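Questions regarding the structure given below will be posed in turn.
Should a chain be cited, it is by its letter among A, B and C, assigned in written order, with residues numbered from 1 in that chain.
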Amino acid sequence: MQSHGATVTRSPQEITPAGEEIRAWNASRLYRWLLVAPIAFIGLFFLWPIMSVIHRSFVDPVPGLGNYERVLFAGPYLKSLWITLQTAAIVTVLCLVIAYPVAYVMARARGNLFALMTAMVVTSLWTSVVIRSYAWMVVFQRRGVLNQALVATGITEHPVNFLPGTLAVNVGMVHIMLPFMILPLLANMRSIDRSLVLAAGVMGASPWAAFRRVFLPLSIPGISAGSALVFMMSLGFFITPSLLGGPRHMMAAVMIEQQANRLLDWGLAAALSSVLLLLTVSIYLLYLRVVRHAEGGFAHAR
Amino acid sequence: MASSRQCKVTRRTALAGLGATGMALAMPGILRAQSSQLVMATGGGKLDDAYRTTIFNPWKEGYGGIDVITTSNEGARLKAMVEQNNVEWDLIQGPAEELVVYAREGLLEPIDFSGIDRDKMIEGSMHEHFVLTDLAAHHIAWNTDNISGEGPGDWSALFNLDGRISLWKKPFQTLEVALLADGVSPAELYPLDIDRALASLDNVSDKVLWWDTGAQGAQMLIDGEVDAGSTWNGRVHEPRKAGAPVDFHFNQAVLVSDAWAVPAGAPNKEKALELLAYALSAEAQAAFAKAIPYGPVNTDAEALLDEEVKADLPKLDGSSVMLDVDYWADHSAEATERFNNWLLG
Amino acid sequence: MPAEITMPLRYRIFNMLLLGVAWAILVYLVLPQFIILPLSFSNQSYLSFPPSGWSTEWYVRIAENPAWSQAAWNSLAIGIPTAFLSMVFGTLAALAVARGGLGRAGLTAAFIVAPMMLPHVILAIGLYPMMLWLGLLNSHAAAIVGHTVIGIPLVFITVNAALSRYNLALELAAMTLGANPWQTFWKVTFPMIRTGVVIGGILAFATSFDELMLALFLTGAGTRTLPRLIWEQMNDYLTPTIAAAATLIFAFTLLLLIIVSILQARSGRVESHG
């Protein structure tokens, strides 16, 4: 590891009397060196190629801001960006609400039970998104499994048109993203020391108060990780909204693919992508602040 | 960029990383030097299978033993290959309205027609940069469980149907369908009146289910999710034969075509053109039409087909209309933008 | 546990409800498999549910067509190195950002996760000339590089979540007690983030295993992956073949998980005896 090289060259002014501080300080210097390899990799295989594509948005077909004008002021592009962000946000919230209790229960489970639960999450993750989306079509269609059940039990007299619809598309999208929320939550919750929660109980806190004051704050890193993953993965939704959603579920990824792969207008595709990237990076930075604030806030409450 | 240098790097990496057979599969470029192989980019699936059994294999046996390997025909990859002077494909197949866009982008070689008997080909099938190789239909189909008896007779009947209908979520072909439904005669269809087409779609937008992929469109009809709708005949022909509750007719069909072209800078142009000429021969065209119900573009092929097969083939008659690829060459971008804008309401 | 025995009734009811909800959601996760499984044994050439009769024809077809096993092999040969590289790079980056005391930690984090926010087709267009130049085009390596770029953020985020400030105190304690950075990492830090690393790796593998666009651009006819093959096969109309393929992948995963859990149980027993 290149980090070892960093410790050897230690300049004198770094040595301060406070032993613990200097260790921490040196450790963080060491840790900073770890960034070299990943940054080099991402710089080389992401930043460089992406820059070369985004460059096109300013020169293809003619130099200027024409592509950005088209994206921002005309046509369906801004609308689809808005729909994309909206969809990602809805899926994230739904996933969080649904995943939290599952992860909570899984984090307590042990042995074969835990293995079974993990298997259920992971096998769903391993099944092709395209195939899963078609499976949901089978569930939700007019003569589908759900409608058969509804009519047979007399809940509805006639089959309901679930397709295309909000319910079907959200069930399909949440299904795909749920493991991306459950697993980070699980990783976090299993590292939470349950004795802290028990201790709160012993000290007279009701289970609900112990959960709210101790467990929930400690699970914030898991919540923030899962939410960030799901939100960003959801930006790339492609086939599921087209199979289960209506015409208004036209995601930015679909439009970018259309421009890049069918119409071969790489300038416009690149402009649309860079606007999407700029928007989502801003959202992410804002989000990091909020999360830090939330963690800090809970830390004080403790 | 000197291609010889790249080739060397490729070979070294390949030898280091892969076994001999893996290399042969992974690096078509190496085998191409031996000229025993052509690479063709296709849409895959049944079409690919039909090309293999009715065109590639007979051509290999009869004309010089060259294998054809196929790969996926992504347009953006073609553009990247041409830009980088690294064209790996000798031929590309795709919907004509897409290939015409590629031609405008300069991604296709002008075709040398010297090996092709142009007089035998139906009108409008030979273009400077690509050749139509079949006639498929974008037509009306219906679910026979939902609709007993005859389905909607024409597009306007489909649009007036009391029930749910399906349409393709693309401007190509769908705008044509919308105008035909609104009473525009086939002769006056082009240039498309996009405003009128979108207004016609406005009338049905509440009952339309939009399909994105052909497989999805066929599945909607088979499942009875919609009562009737538009589809391509290749997608419902076999399911109907296998007993799926779906039926269709070709009245007012929009005839669409697969086209073949040679990418600009293709490594084996001559061989590619030889294969193209064979694909257009009466014998190959007839064999292909038997494998997959797309009509031949070579008029001599008709004589080689029996009535039973011919009944299933789309053809240009008084009611059908041929997709105007030149119109789409000029208007794809604009129509797509307006159509998507309309979809998003 | 005594604390649970003394719990009031309403909390026990709540607990049972919670358990019920959790299981319902887990069943929801595997539900599509119950659709896919019968479809894969259908005797019809088109998809209809429930099937009118049964047949194993589609499995025979997969077995007879070498393209499927070739694609499965390619997907594994790309997915496993992708998961490994993502785990290494993602963990390094997470450690650096969480512990490096960087002035612009937020921006650095955004840079590392940015590949997740971009449609893959754009990355594919950008990577194509580069892979060509490196002579990697159509090799597994090209797809591994592309998939690692989108896999790193997954590991970065899951590991970052495990590196809370609470853990930092333990690290500092270890170092104060004289452990060197290397020992501190392996003895203190890594055990705390291990689950995060593994989960990030699982997510990276799953993403690579189902990725289409980069595969279409960077792999060739001989290195095509399962999603690419499924994509090519699905072009006309749906046949039960893809359902059979999905079922085989499911069965394989299940088998793998069973083996892992048996091995874990065994090693657990050995540890407790030792």
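Going forward, a contact is a pair of C-beta atoms (placed from the backbone, for glycine too) under 8 Å apart; a residue touches a chain by one contact, two chains touch by 3 or more.
Just so we're clear, the structure is a prediction, and the values are computed from it rather than from any experiment.
Relative to the C-alpha centre of chain A, the farthest chain centre belongs to B.
Summed over C-beta pairs in contact, the chain pair with the top total is A-C. In this assembly, the C-alpha centroid of chain A lies 14 Å from the C-alpha centroid of chain C. Each chain gets one centre point, the mean of its Cα atoms, and the points for chain B and chain C are 36 Å apart.
Residues of chain C in contact with two or more other chains: 47, 121, 125, 129, 231, 234, 238. Annotation for chain B: residues 74, 76, 213, 219, 223 touch two or more other chains. Residues of chain A found to touch two or more other chains are 134, 138, 144, 260-261, 266. Taken in their complex, chain C has these residues touching chain B: 44-48, 70, 121, 124-125, 128-129, 132-141, 216-217, 220-224, 228, 231-238. Residue ranges of chain A in contact with chain C, taken from their complex: 3-4, 7, 19-20, 23-35, 37-39, 41-42, 45-53, 98-99, 101-102, 104-106, 111-112, 115, 117-132, 134-136, 138-139, 144-145, 175, 178-180, 183-184, 186-188, 190-191, 198, 201-202, 207, 218, 221-222, 224-225, 228-229, 232-233, 235-236, 252-253, 256-257, 260-261, 266, 269-270, 273, 276-277, 280-281, 284-285, 288-289, 295, 299.
Chain A meets chain B in the complex at residues 74-76, 79-80, 83, 134, 137-138, 141-144, 161, 163-164, 239, 242-243, 246-248, 250, 255, 258, 260-266. Interface residues of chain B, counted against chain A in their complex, comprise 74-76, 79, 98, 101-102, 105, 107, 164, 169, 205, 208-210, 212-213, 216, 219, 223-225, 332-333, 336-338, 340-341, 343-345. Residues 1, 6, 9-10, 12-14, 17-18, 22, 24-28, 39, 43-48, 69-72, 74, 76-77, 80-81, 83-84, 86, 88, 213-215, 218-219, 222-223, 234-236, 238-239, 242-244 of chain B are the ones that touch chain C when the two sit in their complex.
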